[in-house]
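Quick heads-up: structures coming right below.
Each of the two complexes below includes chain A, the first together with chain B, the second together with chain C.
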Partner chain A sequence: MSRVWSELRRYPTAVAGLAIIGLLVAISIYTVIAIPYGEAIRLWRGGEGVWSENPRNARPIWFNLLPGVELPRTITVSSQRAPRRVEAVGGGVKQVTMSLAFDFPYRTFPTELAVFFDAAYAERAPHVVLTWQPPDGSEIRLGEFTAEPHGIYRISSDQRLRQTLGGAPEIVLFSAPAAPQHPLRGRYTLTITGFLFEESAHLDARLVVYGRAHGLAGTDDQRRDLMIALLWGTPVAMAFGLLAAVGSTVSTLVIAAIGVWYGGWVDGLIQRITEVNLIVPAVPILIMIGTLYSRSLWIILSVVILLSVFAGTKTYRALFLQVKESPYIEAARSYGAGNLRIVLAYMLPRAVPVLLPQFVTLIPSFVFLEATLDIVGLGDPLLPTWGKVLDDAYRAGALFGGYYYWVLQPAALLMLSGLGFAMLGFALDRVFNPRLREL
Partner chain B sequence: MSDTLQMVSRRHRLPDTLVRVVSYSATRLVALFFTAVVGIFVTILVANMGGYVDEIKRAEIRETVTLQVFTDPKIMRLPAEARERRMREMIRIGEERLGLDRPFLSRSLFYLRDALVLRLGFAERMNSDSGSRLVRNIILERLPPTLLLFVSADLLLFFASMFMALSLARQYGSVLDRIVIALAPTSAAPAWFFGIFLILIFAAVLRWLPFGGMVDVPPPDRSVAYAASVLKHMVLPVGAIVFSTIFLAVYSWRTFFLIFSSEDYVEVARAKGLPTRVIERRYILRPTLPTIITGFALGLIGIWTGAVVLETVFNWPGLGQALFRAVGLYDIPVILGATIIYAYLLAITVFILDILYALVDPRVKLSREGRP
Partner chain C sequence: MSAGNGFFSVEDLRLHFRTARGPVQAVDGVSFTLDRGRALVVVGESGCGKSSLARAILRLLPRNVHAYSGSVRLNGMDVMRLPEEQFRREIRWTRLALVPQGAMNSLNPVIRVGDQAAEPLLIHGRAGSPAAARQSVQEVFHEVGVPRDFLDRYPFELSGGMRQRVALATALVTKPDLIVLDEPTSALDVLTQAGIMNLLKTIKRETRTNFVLITHDIAAASEIADDAAVMYAGQLVETSRAEQFYREPLHPYSRALMASVPTLRAEKTLEFIPGRPPSLINPPPGCRFADRCPYRFDKCSEEPPMLKVDNRLVKCWLYR
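Moving on, here comes the complex of A and B:
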């Protein structure tokens, strides 16, 4: 083992591959500890409730590091930290005035505007009036309505306001009439005047000015933080690739050795099954099972292993046929070793040099197979994975719409894991099969 | 390939080769047919474990009986109750004929017979472009685009990687050689994955080539313009297929060529002063061809199974896209039918490669390899 290690270190690709694999494993361990399984599923399936204050299709924030890019971040102003004035206006009615002020320093418009209400009352809901004050000192009345306990007023989707303003609110409200192409920079204030009809009634509000950049990975069209899926995709991909590769190579090896050792009808049967296996179309069968029976990752994993058990027997067969004739097997037989002992203890170890590189190069193909199933829409119904992000992006027309980050990030991770294992596998192949080395 | 054929006939007498290849092919055909039958039977068993094939058959019988009743004026003239009875009777006879009242295994054998002759029932929700609801029509209609795409990609792949491998073997250690070796690990990713990048670069950013589809909308009238349009749409998917496998193929073949070019008989040929081209063709390519074809065959089978997603990504109106749509619509007959067709396609691929193998490898004899 130490010999292999010292030889491997001579190949820069092997070192790079190992580094990539190490990184991916570290990410996996971190993810599983930091975001537990149940939490990840809750977040990913959360929908609007969990993510409603995230912007849609926001770029990752590191885009701002690129030269010439300056994307606005999301600004949230809560009334709990804003100046509040309470007056009694008679008849048991209280008037609450909250001024939600914020600085807008960006050169691009925000994507959306919304006010989230948090109202508590017994019978009669508070009535609110919203007024908008841009930095130039003018005043625009946005509207008035009744505040629900967890009501959301999406200023950007208010059709009446849009007509009054003569354009999209998030643009008109932020631009100076003289230069409508650029947002006016400075201090904006949203004044919320609420009329509370009960003594114990309470009103709070949060203004969210949705930006164009969010988190390290951006968001999708359902406002979900892509980071969750990118992080959780790592342990899923690693586990699927490793388990499938282990399951299929080990069983293939055992079956090939048994066939060669026992010969006769056992060997014949194994060869016939191998031929049938070649013709059974793996992806359509997986699709069929996914549609008809179950999409659970573990069921699919078992079927994948089952379908690939016989796929590789041909390679090992040739090897074992040679091994079977070697003198040391003869010696083992002469001292009375049983059939099973010869197969497991004497024949299998001889295949390791061929097996190990193949095993490592096989892992990424299973990782990609999992992504393939996601793309067909047959991924695990619960878990967020890289393939699912790609699938969502594809269905939402991300490439057509210019949301390249949405496609490129999961694709880069897939490519990275593929390259890591393939590079290590190629180097292992050279270490174990010296005939390749001088070439 | 014609070169190789000539070489074969030059060295052996033609009738000899012909007899050998034909008899070998015939036995392989029989063997492969049985293999395909078993493969399709496995597919049917898997699907029918949940009783899904039974459902398809029942729906098929109901459909045909209803059609029969409504086009038969004799039955239509009967009073409603008698007509109902008549219909039920006809359905019962139909179910008996298809073996629906039999136990699981023998029932599945009946279905196998139907599947082998491509009697695949009616689709639940999908239609063929000509409006037919027969699964067979839906699938057969989608076959030509799939074949066009994959056969052209495979041919391009085979010849391109062979020439590249030969030229790299000639100049191994060069910059180009190192680049190809460095790029070989990229073949871990399937074709659709590269397809996404190709679409991103050539369709989304540069706007040179279409995002997907097979022809422009509306399709051009003149056949030349139509062919040009199809060709334009083929560039990216074919490129994705070629890109996803070519580096690994070139890498492993050039290594193989290099190993063979250090054999003694090649050295002798070189010492004789034979031109490089002749040495390559007669002493390197010729003996390695069988192995290369086997490797190529396995790669081809891998490409077939990746077809579903590739066609979906490129919106190519082929079999894979039909399967993808069937999954979305939960159209079980179409899913089952497509799986069976894929099994057939794989069997045909294996058969064609077997024949090629027999053509190029004079050692292949019935007695040794050809036993079913």
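Moving on, here comes the complex of A and C:
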């Protein structure tokens, strides 16, 4: 093994491939520890509730590193850290004035505006009045209403305000009076004046100015952080690829060796099953099972393994037929080695040089298969995976909407894993089968 | 051959193979007896059934067996009667071992030779632990002259002679009663051959292990032979004490065989036997050597019996 390793290091492709695989494995381990399975499922299914403070379809923040791109980030201002003035107005009523001030330094408009209330009261909900003060000193009254315990006032979706302002609030409220197509940069303030009707009543608020860039991976149309899916897609893809590849190659190898060694009807049966298996279409069967039975990743994985158990027996059979006649096999028989020992300890190891490179290059093909099933809508309904992100992007018309990052990121990860395993596999092939080097 | 304790004996052993053109009578009624601690050399030209005889003794049968009968007695017990599984567990390697033909290829290329030699011990549960097995292997390696540090080498890292020694060690490690050596020295240079032969001689003297040495090399075999048997077309045509055989072979085929071996001192023309051995699919009736025999006479169209000539057995009408 150390010899293989030292020889592998001479191939830059192998080193690069190993580095990629190592990175993917590291990401998988990190993900599984940092975002436990249950948490990942909750976050991914959470939708608007969990992600309400994320912008929709935001680009990854690294877009800002590109020349000429400057996307506004999301700005959140909480009343807990803002100046607050409390006055008693009489009759047990308190007036709370909160000034949520923030700097807006960007050259593009935000995508949305919303205020999240956190109110506590026994019977009468607090009444709030919202006033907007742009940097130029003017003042715009946004509206007044009662604040629910977890009420959300989506300023951008307020149709009345839209009519009053004569345009989309997130644009009109930020545009410079002189040049309405550009936002006015400077310090904005949202003043919230709340009337609390009870002694024990409490009011807090958060202003969220939604930007156009969020997180390392951006968000989708449901405000979900794509990072969750990209991260969790890694262990899922690695596990699926690895288990499917191990399950199919090892079992194929053992079956081929058993068939060759025992011969007779055992071999005949294995060969007939292989031939039937060759004409059985795998993907339609998977689609059928996904549609009619279950889309659980583990069910699909088991079916994939079952379908590929007999797929490769012919290749290994050819190899084992030759190995079986080797004098050392006869020698093993003569000193009393049992059938199982001969198959496992004497025949199987001979296939390793052929098996290992094939095995490594087989892993990404199963990773791609899993993604394919996701895209045709047969992915595990719970798990966030790369294929699922692609599927969502496709359904939401991501490319039509110009959200390239949504498609390119999972695709890049898929290609990267394919590349990593392929590079390692080809290098292994050259290490184990030196004759290939001459070609 | 003669009177003795008859430690190992084979009686009327037959092994016929089924082929598309009919059954091949590779071993056809072979009988011999071997006393404790002696070595039998079976000589004969290529294709006469020598290797099949080795397989028949160890019951290493290919799939296309047509007939397999006779008896193989080891210390009075007929091991042919044992069921396959019991034979595998109790006889193979624990009592009868084989150094297969082309021992150079008989080692598993993917395991270390030390582990290879330990396999029989582990398979038969003879060693308490892998460490104990390794200890025994080390001792046997020392005995056959394989350096200690070769234990962890792979077969491809060894020379032909060393591989032959490892194969021999693999046979010796379980201390069997009898070892069948199938062409142990072919494909080795003469010096290595001599080394192996001396080694066998030492082992025979020290452990009283019986050997059945199957070879086409009469000269090399003379080194360790106590008894000699000549095989022709699936049958033994002559069995005898080695010293008598080497001095004066009886059967015309044996004589021709001897005449084909070069000697250093005597000025002689090497002889060869015209023609080739008969097909074993349909051997001619009567004496199988008749077609090539210079002494052929009418009687030869009938099958000769094993005739006794002083303590020796010869299958030829000339000694009637």
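Some notes on this structure:
Here is the rule we go by: the second predicted complex is superposed on the first by the 439 of 439 C-alpha atoms of A that agree within 3 Å, B and C clash if a C-alpha of one lies under 4 Å from a C-alpha of the other, contacts with A are read in each partner's own complex, and residues count from 1 in each chain.
Following the convention adopted for this analysis, a residue touches a chain if its C-beta (ideal position, glycine included) is under 8 Å from a C-beta of that chain, and two chains touch if they have at least 3 such contacts.
Only a predicted model underlies this, so the values are computations on that prediction, with no experimental measurement involved.
In the superposition on chain A, A:V431 contacts neither chain B nor chain C.
When both complexes are overlaid on chain A, the residue A:L292 reaches chain B alone and has no touch with chain C.
Look at A:Y328: by the touch rule set out above, it reaches chain C but stays clear of chain B.
Between chain B and chain C, B contacts the larger number of chain A residues. Applying the stated contact rule after C-alpha superposition, one finds that A:L18 touches neither chain B nor chain C.
On chain A, the positions that touch chain C within their shared complex are 263, 326-328, 330-338, 341, 345-346, 349-350, 352. Against chain B, in their complex, chain A makes its touches with residues 13, 272, 275-276, 278-285, 287-293, 361, 364-365, 368, 371-372, 375-378, 390, 394, 399-400, 402, 404, 407-408, 411, 414-415, 418-419, 421-423, 425-426, 435-436, 439.
Chain contact summary for the complex, chain B toward chain A: residues 31-32, 35-36, 38-39, 42-43, 46-47, 49-50, 52, 172, 182, 184-190, 192-193, 196-197, 199-200, 203-204, 211, 255, 258-259, 301, 304-309, 312-313, 323-324, 327-328, 330, 332, 335-336, 338-339, 342-343, 345-347, 350. Residues 58, 60, 63, 88-89, 92-94, 97-98, 100-102, 105-111, 119-120, 123-124, 167, 170-171, 174 of chain C are the ones that touch chain A when the two sit in their complex.
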